[in-house]
Structures are given as structure tokens and as C-alpha cells.
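Order of writing sets the chain letters: A, B, C and D. Residues in each chain are counted from 1.
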């Protein structure tokens, strides 16, 4: 068993969903039930394999890559098929593996218009392969391929199953991310050509992320590092999304089908921040140092800006989408400090945001289904008509505004904390200002979430919905899809060590190798 | 909602099941009640989960579960008190806190622990919280009976109790933040218990939101402390480092100011007090438990727990003024004055709470640590008694409006009247009831009496002494007004009020009993009428004597001060008595109606009294400023402007960039290709705009080859950039 | 001979091909331009193969030829289909990508 | 099949270099001119014939580079099959047999801008690189080596191409078939 996991575990967990998708392609589209079952089976199988990997994971040695696969892939450009799992990848991989099956379950009786579950689930499974692959790839080209694999299924998901404005939103999403990844690829190539072995001074010509992390930009001049980092900054920053590259996000979220929004919020945005943590910062330490104050600035602008944007929204889903901009601002602030504390917080923030905002989008989808509108002004009295759903909304809102004891807090507060004392070489006063501004952002977060809660859940139901037969409390599939997320919110809130203890050795290791270079 | 938030505490504390000895401050075993003190919050947390899961199916709809759990906690807390007393008596020179930790999370290669910390302070708080909570639970079984969300109410009472106990027991700043916010959420939920009405949900939001503002200070302050103390959240270690002089003074100044902001919001200090009166929208037991006895003193508790931070940061010792003392003094005086113009009995009590909390903050500000804690202790009982009494009254008359629906109730509700009077006298600070002893200690602690022949405490806070004195008079006066309007005169409401049942009166009597005797726990040293072995017991057991506590001085009580303060209170009460019991009552009899004010009173004469009255009625215009100006500006114009700029500027820039690049190409083409023939200068501007429009259209028609051209061009440019980068 | 010669020749052919792809309206002519591009790539492949003394270049040139054949077959089929449906193979009228 | 160039190489060393360069220059000129005509002529049939010249030139370059096998394949597959296919296509879509004058100037300008830009970037990149790398073709590539490589190292790719061809075949039939 262990041998299997060591040699094939990561490959299996990455490609099992794809295999499921292939199987589904062979099944005629009319067999809708069968499609759902296969999709569920495939995603659950991936989850089980992922679970085994996590059980077998050596937590005492979480800083080192485990289950490493290193095989020939594209010799011509020295790119190899390298997969590996360490403390940074593990929580994010686990998040993906949990969220996708839940989305499949939720879709069981919530296939959005215009139907066609076959295509819908196939896209979802391809997405899963892309997302998991991105988190475990340890070769830049492989990473890039997985990173881009994600793009098309999401494009189609929004473009086909989206709302009224879906075409505009999907094209915008596609062009934005494509633009970013083009620059990112350039930066990867620059790394390939310019990195040298510090011992011998020879050009390395490798895409192996382990090697590139170890040499940490040796041989690349400071000015060049700044340029290369800029390419990655835009590439990853668009995906995060950082202010001012965020405008695709509200549109994409608003138009995407519920499950698409959930996956987008829960996992896709993390690809960008993960890229920063795994690639940009450790491989280009001096570039990162030059950029960090600016990243921090954009992060806190994003925090305030996203929050204010939320306050102006009249649509529930759009509000949640804007809140992502604010929350990812905290994540980026943590990364910008370039300290182990801050990056740990960022990773925690990614997972927490994934669970919480994913859950909020599930709720928005269910509200839309019941009320046929998401206009906040028309909603109200959910606590009367669907009390459980109202309480869940309240609970998740609390988690989202960073209530201590729930998961959101551990991404937010440590990020603020770490901004007080950023890494050596960064302007301390600037970051302390960021800290205060970010803390103000928590107040605004409370503002928009509580107003949302008050206007949708509290009060008496509107007349137009008073006798609506569509408004029912949480259904069984919804319970199954939601309970794991709700449990996760509490579990990680109570025992943050579950994530921190795993990520910490890996983060410390990454930063240490950076400092050496 | 929080179907499982209770298990938060459950899990954390269950994790602490195997206490790990930690550092030199730990003791091998301190007895069951101290070693296993984590059970105290665990019980209510479990009952929260239990009530939510199957409370509705129980015969008493879950209330029995809550009472049992809190009762259990109370027993354990009493055990802890007794054990602690024994523990204290065993040690002569200094006493170590009982500290039990368990690993929680790791970051930056450092392990951070969760744990419990028991010393006199936390043990005292355990007792207060569990005792008041238990009484409130019992009281609520009658008071909220028949409510649609009865079960739900008890669930959150349990959760609140658990969160408060968790906060009290926490040994580090992280845990304190957790507890701090959790009690805030419970307060939010319970204030908004009747959320069908917008006023209630507004009040709940306001409470949470104001606290969130203060939390900026908490988050920032904790961050500063963490780094200033060398990377630890452990309160004991932080305190010890500060006392050892290892921490930069500047950092402490900033940290203490930040934390003060948090205290101001949570403990209703000026200028963040405005949420507390509005919070009275919640059910009365909630007001008694959360907004009088326990949650609002969380801020006081935090200052007391982190006292070295404030002691150093505010330079309390040997000074005559500091921000902490000033905030407290201003609050106690101006908050108390606001109570005059309120007609809602609960709001009067709420402002009274604001004012009394001001006393505690001021006491901490002048270095009278023990006096502050003692006042916290006594205040919890008599203020809870007052709130529950007002609840009992409103239970009878179905209203909180003193002017329209009360009056003359002392005959129909004799028990409520008696207990209410006891608590009122205690609050006024008249001997020998509890409030007198604790307030007198605070006044002595200012050290200001040194001028009048007393002894110095930690400084020379004359201003605080004067404001405290005036505050005592104000307190006595507005309480006289409440008593008159509620219990004297003749009944102004409708229907037939009746005395409440035993489940309401029982807790009232217990609390009234404590309001009488609580003062005896800390008789001043050298008080000749009291056996010497029983003097200053409270201070002896509560005040830490250890490296984590600063070396504060203690003021000596003085007879003269006590006499003067009692006289001042009597003057305040006397003036109000003259106005109401003489003036209003006689006019009422003359008019044959039950009046509440005199037509030609001082206010009606205009001038300064009228202006003051208007300011008081408008609550110094704070609400206008906050809601009308700040919140409105953020919510309205500011948010809209940001969103507008998002749609028009940032997003517009993206769209424009696409359009303009096509238009630019088009314009170039026009000039190079066609411009040679046509007159560029004459037609130029016209064509440019024309070209832009045309370019826009071609951009949108989606011709395959144009896309391909753009793709190629873009790829080429990128490749060019790449070549340039490589050749740097 | 110098390797550089071949690379430049290929580059020039490539640019000509790109021009053709972008400028031609006739679908068949676009396909022809694509063939020019593919040939320029082939020249590069074989030239590098010779330079490295490695058969890989040739092997891939062969693959490219095979793929080109497939591509032309499909491409012409599509052109034919467009023609049959619209009686024209003018690509400027093929705006199906329009949203 | 051995190319004359290689035979000459066996004979003399220095002259060979010059001879090869002359060959190269002539063929390259023919190719560039043909390609330009191919993409600019307005007659479709002419364009196809110009393309034949380009392809033949490429085949000649392959021989110069000592890759006879590729050259032969080029002639067989491209000139033999693909051009015929093109001509068939032209016949079938009889509409545009004649002149195609309607290409908009605007589009030409756009296309030439892109092409020139591309040429500049590639030129900058290429002018300096490999400018002194001599190619010495002393021995023709054996067929055997190529086939060995295809059927061992690149067998997977080969199979994939086979499947692709099959798929293209079927696809072309499906797409073009009359309902």
C-alpha cells in the first residue's frame, strides 16, 4: 500500500477525476443518473486516495516533499514530470478534494439551465484534475499546464450555464487570466534561462521547482529579478485577484452557476496565491523584497476597496464576490510580509476563505433557487420561512467576518499581526500602517456582512414571497453538501494547529532557502 | 446557526484534558478544582450543543439542561474558590498562579499553547459569572416562558456563559480574543432575540459594530504586545517581561492606548458607549447577565489581567492624570448624567452601568486595582438585581416606560420593591451596603484625599477624586428619580399589575442578599468595628503577589473621606427627593393626577439648564454623529463612489484599453494611408472620432482574422519583451 | 553552410505565411499559407537535427508532415462545408465567433 | 539514394562549402519569391502552383541538409497528395476559381504590420545567434536510423499520429458528407 502511494499516489489523485471524465464521455448523454454516479464516484475516489495520502503523510517531516515522482517528460526543454506533496500543498489539495465531491452532490438535483449534466460533470472533473495538479506539480512547465487546464472548463461553465450576462463574463474571465498567464510563462522561461548554480556559476536550464527554490534566484541580478517578479506578479495577481486586476471576479461570480462560483471561490483563486507562496517569493527573494511593499499596498487597498464595494451592492451574490477581493487582500498582506508567520496565515486564509466563501456561494445559489432573485432589497425574513438556512447564513457570515473561534479568524488576525513586524529589509513603518488599515477593514467586513444578514434573514418576510411554495428549508442534498464545510469552519477555528502545524515546517523551509540565496 | 459553535470550547478544553506542566509557574497539583477548571466552561458549552440538538424535545424545552450545566459550573467554581483560598493561605511569600497548557498551534517554528490560568482574579470572576448566570437562568424560565424561541434563548445563554468563562480562564492573548469576540456574538444574538422588529436588529448590529470598531484596537494592541514582549501571547510571560523592564516603553504606550480602545467599546466607555443603552432591546435577563454583570466587565477584566501593560504604558504610578483614569472619570460623570433624561427604566440602568464601569476604569487608571475588582464584584450583584427587578416590574406592566406605565407599584409588588430598594441603596453607595465599601475604596485609591489629610495611593489624582464624588451625587439623584417614578406616586398604566412568581423573586432575593453582604468581604484595614482577621480578605485572595503583577501602592482608607462621600451621595439623593417626593408628589395630589415632572421646574426656565437638558436628551449627539454622519457616509456616498470608480474607471480602463488600441491602429492607418490624400488637418479630428467608433465596431464583430492578428501581434510583443529581458 | 542561414530562411517563410493567414479572404488560400508556415518549421527542425547530429529533428519533421496532411484534409472538408452552406468561402463572412 | 552534394563532399572539402552556399542561396531565393507570390496572387490555382514551388524548395533544402528521407516524404506527401487535395478543393468550390481582388487594403495593411513586426523580432533574435555555427554534412542520414528512432523511442508519438490520421480521415468524411 505504502509503495503504491509513494509511486503512484499523487499521479492517481490527480488523474482519477480525468479518468472519470473519460469514462463519462463514453456514456450517452441521456443516462443522466449514471453520469451523476460516475462523477461522484470519481471525485470520491480521488478524495479517498487523497485521504490515504494524508494519513500516510509524515507530518513530522512536513517541510520536505513527499511521495515525489520524478519521471522523464519533455526532454527537449528539460522539463520533467515531477509531483510532490509538502505541508503547503497538502491543505490546499485536501480542500480541492473535498470541495469537488460536495459540488457534485449539490448538483445532484441542482443542475443549472440549460441542463446537460454530462458536459457539466465532465467539466467539473477536468477542473479537479487541473486544480489538484497545480497544487502538487513541482515543475514549472507542468505547473503551467495544470494552471491553464483549469481555464477552459471554467470558461465553458460560465459561458454555458451562467446567468444572463454570461458571455461577457466568461470572455472577460478568459482574457484576463490568459493575459496574466502569458506574462507568467515569460517569467518562467526567464527563470529557466537565467538561473545559475551558485557553486559553479553554470546556467541551470531547469524547470525543476525544487532546484529553483534551492538556488533562490542565484545569478539573477536584482534589476532582472524585479522584472521577472513583475511578470509573475501580474500572472498570479490576476488570478488572486489583486486590486486593480479584480474586475473580472464580480462578473464571473455573478454570472457563474452556483457550483461554478463555489469552485471559483474555494479553489481557483487560491491558485494565484499558491503561486506566490510556492514560486514567486522563494525563487526570486530579492525581487520579492522589492515588490513586497507594493503588494502590501495593493493588498490593503483591496481590503478597504472590496469592503466598500460590498457596501454598495444590491445583489447578494455580487456582494459575496466583492468580499472575496477583501479577503484575498488579507492573504496577500500575509504574503507581502515575507515572514513565516505571515505566509502561514496566508495559507490558512486560503483554506478558510475557500471553505467559508464557498459555503456562502452555496447559500446564495439556494436562495436564488427559492426566491428567484438575489436582490437584497426584495429578500427578508429568511429566519421565518427557512429558519435553518437563515441560521446557517448567520453562522457563515460570522465566520466570514473573521470571528475568532471560527476558521476565518486564523487567516485574518495572524496576517494583521505579521504586518507589524515584516521581514528584514522591508519598510517597517509602511507595514505598520498597512496593519492598521487592514484592521479597519475588519470593521467594514462586519458592516457589510451584518447588513446582509439583517436585510435577508431578519425581519418579516416580504409579501411577494409570503406564500411562495418554493421556499423550503434546507433539503437533504444541501445538508450533505454543506455539513462538511460547516464542520470544517468550526474545526479549523477551534484547532488551527491542524493547518498551521502542517504548513509551518514547509514555509520555514521555503523562506530559509530563500534567505540563503 | 451555531449548531456547533459551542463545541468550539468543548473541543479546545477537551484537548486540555492532559494538562502539561509548563514553566516554573506551574505547580505539581493544585487540587481537583483548579487543575480541572477547564470543566467549568465545558459544561455550558456542552449544554449549548445539547439544547440546540434536542432541546425542543425535552419536557422543559431545554432550560433544564442549561440550568443543570450552569449549576454544575457554579459548584465547580465554588470549589475552585475554596481551593484557591486554601492555596493562597498555604503560601506566605507570593503565590503562584495555577497555569495549565496544551499545544495549540505552531507558526514560524514556535509552538503556541492554549491553556487555563487560575489566580485570585480569574477565580473571583468564575464565581461571579457562574453565580449570576445561574440566577439569570432560573429567572428566565419564568420571564421568557411562552416565547417562540424559548429553547433558542437558553441555548445562547449557555453559549454566552461558556464563552465568558472561557475568556476569564484564558492564559494567553489569542484565547482572550476568541472569548472576547464570542461573548460579543452571543450579545449580538441575544440583543436581536426578537429580530422581527427592525429596532431590535438595528440595536444588535450597532452593538456588534461598535465593538468591532474597538476590536481594531484589540487586534493592533495584541500585535504590538506580541512583538514587544518577544514573540509570545502568554499573558504571564508578557507581564513578567514588562515588570522586569525588558519591554520598550514606547511600545507599551501605544499598545495600552490600542487596548484602551477595545476596553472603551466593550465596557461602554465614552465615546464608544452608545451601543450599551440600545442593547436594552434584548430580553431583560440578558441585560442583567450580559450588559450589567459580566460581558461589559470583560474590558475591565482585560485591563486587570494585563495590568503591567497599563501600569507602564500609562505611567500610572506617581502621576496625577492619565488617559485611562480620565476616560473612566469622564464616563462615570457624563454617563451618569445621561441617566436623568431617560424614561425607559432599563435605559436608566444602562447608563448607570456605563457610569459604574467608568468607576472601575478610573480605579484601574489611578492604580486602585483591588478597589476596581471589588467594585466589579459588588456591582455585578446589585446591578443584576436592579435589572432583574426592572424585569419583574415590566413583567407586571408589560412596558419599560416609567412615565406612562408605572408608578405606585410598591404596594402591588412589595417583594420586588424591597429588593429593588436594597440594590438601589447599594448602588448609591450608602453604608453599610456593598456599593459603599467598594466605591469608597476607589475614591480613597485616587490618592487625592492626601490633600485633606489622608494618605497617598499611587499618585495624586485629585481631579478623579472630585469627579468620582460628583458622580456619586449624580448616581444617588437619578436612582431616587427611578424609585419615585416606578414605585411611588400612583399607577399611571393600564391593567392590573401583580407581583411576580417565585422563580423571579427567588433570584432577586439572593442578589439583594449579596448586595448587602458583598461589601463585608473587603472591610478596610484598620476598621475598628470589624475583626482584624477578616479585614481585606478580598484583596488578600484576589490581588496577585507575584512577578507578573506590578508593585502597586495601596491607599489607606480614611474616616473623613468615607463621611464626606456619604454626605455627597446624600446631598444628591436629597435634592432629587425634594424635587420628586416633595415637589412632584404635592403637585400631583393638588392636580389629582399622577405627574412625573414639574411644569415650572428648572428646565422650563430656559438658559443653561434647558441647554443641558437638550444635550442630555440627545445623548450629547453621539448617535447623530455615528449613525447619521459616519456610518451614513461610509455606507452611502463613499461605498457608492468606490463602486462607481470600479465600474467606470478600473473596469472602464480595461474595456477602453481594448477599444483604444484598435482605434489607435485605425487612426494610424487613416493618417499613413489615407492622410496623404485627404487633408489631415481639416478632417483629422472628425476622422479620429469616426475611427474610434469604427474600430470599436470592428472589434466587436468578431472576425476571425482580426482576432488572429491581435493574437499574433500580442505574442510577438511578448516574445520581444522576453528577448529584451534575456539580453539585460 | 551556416545554421543561421536556415533559421533566417525559415523566419522569412514564417512571416510570409503569417501574412497570408491574416490577409487572405479565401479559405483555401489561408490553408495554403498555413502550409508555408509548417514548412518553415520543418526547415528549422531538420536544420537543428543536422546541427545536433540527431535524428529527432527529422522524426519530428516527418510527424509534422503527417499532421499537416491530416490538417489539410479536415480544413478542406470544413471549407467545403462552409461553401455548401453559404455558397462562399470568404472568411470575412465567417463571423460565427461573434458573441 | 545519395545526393550529389554529398558525393561532392567526399571529393573535396573547401569547395564544397561554397557550392553548398550557392545552392542554398538559389533555392532560398526561389522559395521566398514563390511564397510571396503564393500569398499575394489573386488566382487560387496560381497560388497552389506557387505553393508547389515552395514545397519543392523545402525538399531541396532537406537534401542539402542531408535528410533525404524527409525530402522524399515531402515530395510524396506534400506535392503528391496535399497539392492534389488542394486542387480538388478548388475545383469543388468552384466559386472562387478566378481572381480574388476583393481583399481589403485595410486587412493587408494589418497583416503586413504584424508580419513585419514578427520579422523584426525574429530577425533581432536570430541575427546574432548561431551566426558562426558551421553545418558539416559529411555523411547522409541513414534511413535506418530514422526508422529505428520512430519505432523505438517515438513509438507512442507515432501511434498517436496514426490515430490522428485515422481520426482526420473519418472526421473529414463526416464533416464533408452530404446529409
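The rule is short, and it goes like this: a residue touches a chain if its C-beta (ideal position, glycine included) is under 8 Å from a C-beta of that chain, and two chains touch if they have at least 3 such contacts.
Quick caveat, the model's predicted, so the values are computed rather than measured.
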Fill in the blank from the handout: Via touching chains, chain B connects to chain C in a minimum step count of 1
Exercise for the section: Taking the mean of all protein CA atoms as the centre, name the chain whose own CA mean is closest to it. Expected result: A
Handout entry: Separation of chain C from chain D, taking each centre as the mean of its C-alpha atoms, in whole Å
Key = 9
Problem - Centroid distance [mean C-alpha coordinates] between chain B and chain A, Å - result: 36
Handout entry: Inter-chain centre distance, chain A versus chain D - centres from mean C-alpha coordinates, in Å
Key = 46
Handout entry: For chain B paired with chain D, centre-to-centre distance based on mean C-alpha positions, whole Å
Key = 81
Completion exercise
Contacts with two or more other chains occur in chain A at residues none
Exercise for the section: Would you please write down the residue numbers of chain C that are in contact with two or more other chains? Expected result: 18, 21-23, 56, 92, 99
Problem - Interface hub residues of chain B, defined as touching at least two other chains - result: 705, 709, 712
Fill in the blank from the handout: Listed in rising order, chain C residues that touch chain D in their complex are 1-9, 11-26, 28-29, 31-33, 35-36, 39, 42-43, 46-47, 49-51, 55-59, 61-63, 65-74, 76-81, 83-84, 87-90, 92
Problem - Contact set on chain D toward chain B in their complex - result: 105-107, 109-111, 113-114, 117-118, 121, 124-125
Handout entry: Residues of chain B that touch chain C when the two form their complex
Key = 700-705, 707-709, 712
Practice task
Please give the residue numbers of chain B that touch chain A in the complex, ascending.
Solution key: 1-5, 7-8, 11-12, 15, 103-109, 174, 177-178, 180-182, 185, 192, 195-196, 198, 201-202, 205, 208-209, 212-213, 215-216, 219-220, 222-224, 226-227, 634-635, 638-640, 642-643, 646, 650-651, 654, 714-715, 718, 721-722, 725-726, 728
Handout entry: List of chain D residues in touch with chain C within their complex
Key = 17, 20-21, 24, 28, 31-32, 35-36, 38-39, 44, 47-48, 51, 54-55, 58, 61-62, 64-67, 69-70, 73-74, 77-78, 81-82, 85-86, 88-90, 92-93, 95-96, 100, 102-104, 107-108, 110-112, 114-116, 118-119, 122-123, 126-127, 129-135, 137, 141, 145-146, 148-150, 154, 157-158, 161, 164-165, 167-169, 171-173, 175-176, 178
